[in-house]
Amino acid sequence: MASFLAQRLFAALLTILVTTVAVSMLIHLVPGDPVQIMYAQSQGTTPEQLEEVRARLGLDQPLMVQYIQYMGRVLQGDLGRTIRGDQPVLELLLARLPNTLILATSALVIACAIGLVCGFVAAYRRGTWLDTLLMTSAILGVSMPHFWLGLILLFYFAVHLQWLPVAGSGAANLVLPAVTLGVTNAAIIARLTRSSMIDVFDQEFIRTAYAKGLPRALVLYRHALRAGLVPIVTMIGLQFTYMMGGAIVVENVFGWNGVGRMAIQAIFQRDYPLIQGFILMFAVVVVLVSVLMDLLYAWLDPRIRNR
Amino acid sequence: MSATKSIEAPNDEPATRPAPVLEVRDLCTEFRTKAGVGRAVDGVSFTLHEGEILAIVGESGSGKSVTSLSIMGLIPDPPGRIAGGSVTYGGRDLTRLDEKALQKLRGNEIAMIFQEPMTSLNPVLSIGRQMTEGIRQHTGMSEAEARKHAVEMMRRVSIPAPEKRLGEYPHQFSGGMLQRIMIAIAMSCSPRVLIADEPTTALDVTIQAQILELMRDLRATTGASIMLITHDMGVVAEMADRVVVMYAGRKVEEGRVEDIFARPRHPYTRGLLAALPVLGTAGEVGGTQLNEIPGVVPALTDLPNGCRFSDRCALSTDKCLAEDPPFADRVGAHSAACWHSDRLAPTMEATS
Amino acid sequence: MQNRLEKAIALAGAAHTPAAGVAPSGWAVLLRRMGRFWRSAMSNRGARVGMVLVTVLVLVAFFAPWIAPYPPDEMGAGMSLLTPEMAYPFGTDEFGRDIFSRVIWGARLTIQVGVIAVGISLTVGTLTGLVAGYAGGWTERILMRLVDVVFSFTETLIALAAVAVLGPSLSNAMIAVGIAAIPFYARVAYSVTLVERNRAYFDAAYVQGAGHLRLIFLHLLPNIIPPLIVVATLGVSSAVLAAAGLSFLGLGAQPPSPEWGAMLSAGRDYFNQAPWIMIYPGVAIMITVLAFNLLGDGIREALDPRQTV
Amino acid sequence: MKYWGKTALAAALAIAAGGPAIAGDIIWARDGDIDSLDPHRATSTLSRQVWYQIYDSLLEFDDSGAPVPNLAKSWEIAQDGTLVTFVLNEGITCHDGTPFNADDVIWTAERALGEDNPSLTKSSWGDIGEVEKIDDLTVAFHLATPFGAFVPFMADQFTSMLCDSNAAADDFGTGSAIGTGPWKFASWTKGAEVVLEKNPDYVNYGRPIDNPGPPLADRLIMRTMPEAQTRMAGLRTGELQVIVPPIQEVKSLQDDPGVEVYVAQGTGQNMFLQFAVNRPPFDDKRARQAVSHAIDKDLAIKVVYGDIVERQYCPISKGVFGNDPEFCKQYDQDYDPEKAKALLAELGYGPDKPMEVTLATWTGDSRERMLQMLQNQLKKVNIVANIEVMDIGTLNARDTQENNKAEGPGYMDLMGWTWFDPDLLYLLWHSPGAYQGFQTPELDKILEDMRTTVDPDARKEIVHAAFKILLEEAGQVPIYTPGWSWLYAVSADAPGFKIGPFNRALFNAIDH
């Protein structure tokens, strides 16, 4: 297990390292002069002032030096300041990150609740009308754009029926974005759960369990679900990453105050320090989640746990 | 009983016939597939007697495993279902029992072990859990009692340090050890019938012999009847009292092991025997199979007219292609389903 | 964007694809195999439905000028915000443009998105995977590590980063979406290449002294195509979704482009008065994505019968 | 660790923020958040609107748009306009309880004008040499050259007076803000809301609102709600008191007896077309004139905005010194597609060779719909315009870039500026100009004169001379006013709202 985790941690660190390189070089990929774009809101900025800014950001240094300087700052927790409003990037991100995590986690809970049950039932009742119904719904769900479903829910429940408050960021406001994000992902989880459970149901140890005379519920719960859960947990780990990605879109539909909404604004405003910070933070979150999932995976699967 | 004696009196009833434990009559099991409905088992009948080892023999696809699963009520439905016939055990027809009643029988009175010990045990549950759950299910023992019983069973199948190994997981055991554990699980409730589906196929030759010996011992000490499913005539020779040969879902030959080996009455049986390198020393020579039967078992949805074996049979005639030979039941003794049984020469001449 | 896992499954299935016997090399064999896959895929009901929908979509896109009653940006084709009626089956928007015509013309953009985005990821991804799998050694390690790193992000993030750099426009969105999906194709191509490289035909060709290019393009490439078709078909659906999402956010197609995501985004201001402006483009996106999902699923099952019920 | 503590707090606040409306709270839902609480660090209208609640300037604008006393009870201009002296009112206190005096004024000015990270609008202050403290309540600004727009600028939010106690806070502008205005800063949950509390010590010296003392309500909350329809829903359910309404819903809101729609007048905002003039085709004035002739400005306004904006004819909007529609109509281009075609034909464009150009603007306020109308009209004279919509900051940068590009298709954009004085024209069009675009030596000369001329009649003559050039040459093609953030829908439960000149929202008299 130690070697398994060491390997995963190495991969995680490598991912973050590559991300920092990519992020620090991002600004050089921008067509046109990024400094000019960044300082466009200042009145009458002179070329000398722009040079000064360039020097301040270290953009006149060789790339390698720039990267080392950037890493030095990042390691000290300094992700720079925003162009719009001159705010510390890290603080802005951390203030909103909990909102995004809350949204993604709630959506994941909804997605798992629906997806696992539907997928399990479909697998168990494989080939029946119920399976067909569930899987048809699932493929429709997979095909539905988040933003469209979100808007329809928003207009119907919040604007038209006024069942849910619209102003604010409280728990009641979480319902629609979490459902939107959860439902479409539930479809994916259902499909994965189904195929994973079908694999498990076809396993010989399930037959063994039945042959022992165990009641069906016990076989399904103890034998099938426990065994099927291992691959499903890995998928759910990945799913959380997609939730984070999906949250970017859904936050914008519902005006949920998370990092995703901020990132889109930053892209519009060409606020490069904020975009860089966002990508880096996102990478760190994704990597942390995947390490956590590896731990969970190792804990669930004795073949890895006891290695 | 000696082999020569049975050859001399093939039609004789054995003097002391043990009581039947399990009777299979006209069993039909179907599977619905995209290509149509296939009868994996088509009107098979046989009887398992008290304390006997009955071998069901055939290549893969012959329907022998489906037969065993049908007896256990473990045919996955859909796509499978038992379309007809009966399985009588203890005066009850198992094919008509509800799930609850079947659960009481399975693992308790009729137990089963499978071909692949590696995949037949749940990789994410400890051996202890997998052993005790069946015991607790059928005996109502507490967890502690069940564990004690499990340790005892493990000892009986010669697993060293059983207390320690209870907490381990299947991937920490070798294949032979796992099959011992499978047997321990199967025997833990002292069943009257043990169905062993290719129990040694996946194992090394030396381990095979040990497992077979273990099964013989258990039969001797518990008096359980064993239904041994295999494709390996060597195993049959070593273990079985009586043999049922299946082909493409049908029983094609039945008889005492000595009779079958001495004078097969079906060309398919003959082919299976011929595939043995040296009679009676199965497994000693690994990969040098001789005289294999050409071709494969036909698809169940695409059976030939007439005799199902006709397309692979050296003796096949126009009659074979046109008419399905009936199973010529010679009252529980050596019988076969072949138009040309009499044209088959005894094998003993060639081998003894 | 969300079909990644699905693709991962396709990938898993793809690894055992050509298992039947020794896979021979060459393009002729591929054609024969394709015929078989095709018949097998078309025996799947979902795939047939998908195929019909895709065909309709392509026809609609091709014949848009003949099908659409009005040019997509003709203002005052009708009164503004008309409810759906015979002359304007999907109603009109705030400028009196015919929504039906716009949705029809939008199909062209959608096909473009599919072809270009998938084209980018398919070409780059396949080459990366092929080269990594073929070359081995450091090339393999570095390339696949990089692919893994990119793979660990969501496509959304990569597409956003790409748009942040390139600036918002539909063509940039297509490029961004294409770039974001490269790792999938690379992984599939890589894993299949590894399998194929160990087959007898490959050794035979190698022993006969075939050059690198010949080995890659004549022997490996045709053999890794079938699983890539699955990924590419499912990839069209995620590319269409992703590009529509970017347009919806304002990072893709710009007005007055009848791109569906952009139409939907503009239509939400009128949801109270004219919900149809938003509903029809959404339905169009969904049907398109559904079509490619069904088709991709069907082909996958044909390639990997293990998953067939 | 420090960050995580804050994060947890922010999360708790975010969760708590969803509660029902409390009497005494005015919740104002807007489409975006402020950029900063620091008036030297941002320029957005969304930020300015909030600064106006927290800070006062030395002067104020009365309802006519003329500067009047506020923090300063009087001012005096001497030495030909190079010395301006302000005398402050006595007894004004900052939100932290310290007295407001000359030191605060000097601290603010030096912060805005210093070398190290000056205000983004430093150049609008004029050429200031020294800020001198005469006594505790008297401050003198020494200008190197006379600057006609200096006095009104002292009434702008960019010259909000910051208390020098802000120097002690390391999070001024992001987590703290001390001013003298009617509302005290309480908290800012970034991206969600800014909470202000009533300043009980407030004395109104100059704001054009009928309340001499502190605000009537307890709190003023600016909430960010990007989705227009949810703001609407919140207003209708009574969760929100003031919203930025979606333009499409203004009519239905006007018919709603529970809602009052306010349309700001005299915002000074001017929406106009400008061109990349340093390369073909718009280096030729005929191309620019053709565009102006080709677009039916009245129709476009009517379709997109109805009657909530007004057609403008002058480069400086209604309500600002020098605006004179009758004068401007003599020089601008009427809607005349035939004339446009003729001009284009002279340049070699026609049905077989359409002119391909980019037409840009910034996001929001239905401007992208305006562009679609213009695009449609341009198409009729064979000008193919490709629309690009971007953030205002990006657009500003883009305009400068386009003016510096020698190659590429023609470029024009729908731009908007607001100022309380025609001095804006100097900023925009005197070389090098805000975007380094349209300029002529003659116009440069006129604009220089305009800056140094103080006599109103003479100044008006000069301003008109500038108008004439800009309009005739179609360097700036005015279209409409106002252009952004000018609509307020207020619940009838919260009476007392007022919009002052230059779009300043006053909540002092709202009783809720």
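Note that the chains are named A, B, C and D in the order they appear, and that numbering of residues resets to 1 at the start of each chain.
By our rule, contacts are C-beta pairs under 8 Å (C-beta built on N, C-alpha and C of every residue); 3 or more make two chains touch, one makes a residue touch a chain.
These are the chains along with the protein names UniProt gives them: B = Oligopeptide/dipeptide ABC transporter ATP-binding protein; C = Peptide/nickel transport system permease protein; D = Peptide/nickel transport system substrate-binding protein.
All values reported here derive from a predicted model rather than from experimental measurement.
A.B. asks: By the contact definition above, name the pair with the higher C-beta contact count: A-B or A-D.
C.D. replies: A-D
A.B. asks: Find the most central chain, measuring centrality by the gap between its CA centroid and the centroid of all protein CA atoms shown.
C.D. replies: Smallest centre-to-centre distance to the global C-alpha mean: chain A.
A.B. asks: Just grab the chain with the largest centre-to-centre distance to chain C, centres being mean Cα coordinates.
C.D. replies: Most distant chain from chain C: B.
A.B. asks: Where the CA atoms of chain B average out and where those of chain C average out, how many Å apart are those spots?
C.D. replies: Their C-alpha centroids are separated by 51 Å.
A.B. asks: With chain centres defined as C-alpha means, what is the inter-centre distance between chain A and chain D in Å?
C.D. replies: Averaging C-alpha atoms per chain gives centres 38 Å apart.
A.B. asks: Suppose each chain is reduced to the average of its Cα coordinates; what separation in Å results between chain C and chain D?
C.D. replies: 45
A.B. asks: Hey, what residues on chain D touch two or more of the other chains?
C.D. replies: In chain D, residues 227, 229, 232, 363, 390 touch at least two other chains, as defined above.
A.B. asks: Listing for chain A: what residues touch at least two other chains?
C.D. replies: Answer for chain A, listing residues that touch two or more other chains: 126-127, 155, 159, 252, 268, 270.
A.B. asks: Mind pulling the residue numbers of chain C that touch at least two other chains?
C.D. replies: 168, 250, 268, 271-272, in rising order.
A.B. asks: Residue numbers of chain A touching chain D in their complex, please.
C.D. replies: The contact residues of chain A facing chain D are 32-33, 36-44, 77, 82-88, 90-92, 94-99, 102, 154-155, 158-159, 162, 165-173, 252-255, 257, 261-262, 265, 268-270.
A.B. asks: Could you pull out which chain D residues touch chain C in their complex?
C.D. replies: Against chain C, the touching part of chain D is residues 227-229, 232, 246-249, 252, 303, 363, 366, 368-369, 371-373, 375-376, 386-390.
A.B. asks: Quick check on the complex: what are the chain A residues that touch chain C?
C.D. replies: 11, 14-15, 18-19, 22, 26, 29-31, 126-127, 139-140, 142-148, 151-152, 155, 159, 184-185, 188, 191-192, 195, 198, 235, 238-239, 241-242, 244-246, 248-249, 252, 263-264, 266-268, 270, 275, 279, 282-283, 286-287, 290
A.B. asks: What residues of chain C sit close enough to touch chain D in their complex?
C.D. replies: So the residues of chain C touching chain D come out as 73, 75, 80, 94-95, 168-169, 250, 254-256, 266, 268-273.
A.B. asks: Using the touch definition up top, name the residues of chain D that touch chain A in the complex.
C.D. replies: 3-4, 6-8, 10-11, 14-20, 27, 29, 32, 34-36, 38, 41-44, 47, 120-124, 173-174, 189-192, 223-227, 229-234, 236-237, 239-240, 363, 390-394, 396-397, 400-401, 427, 434
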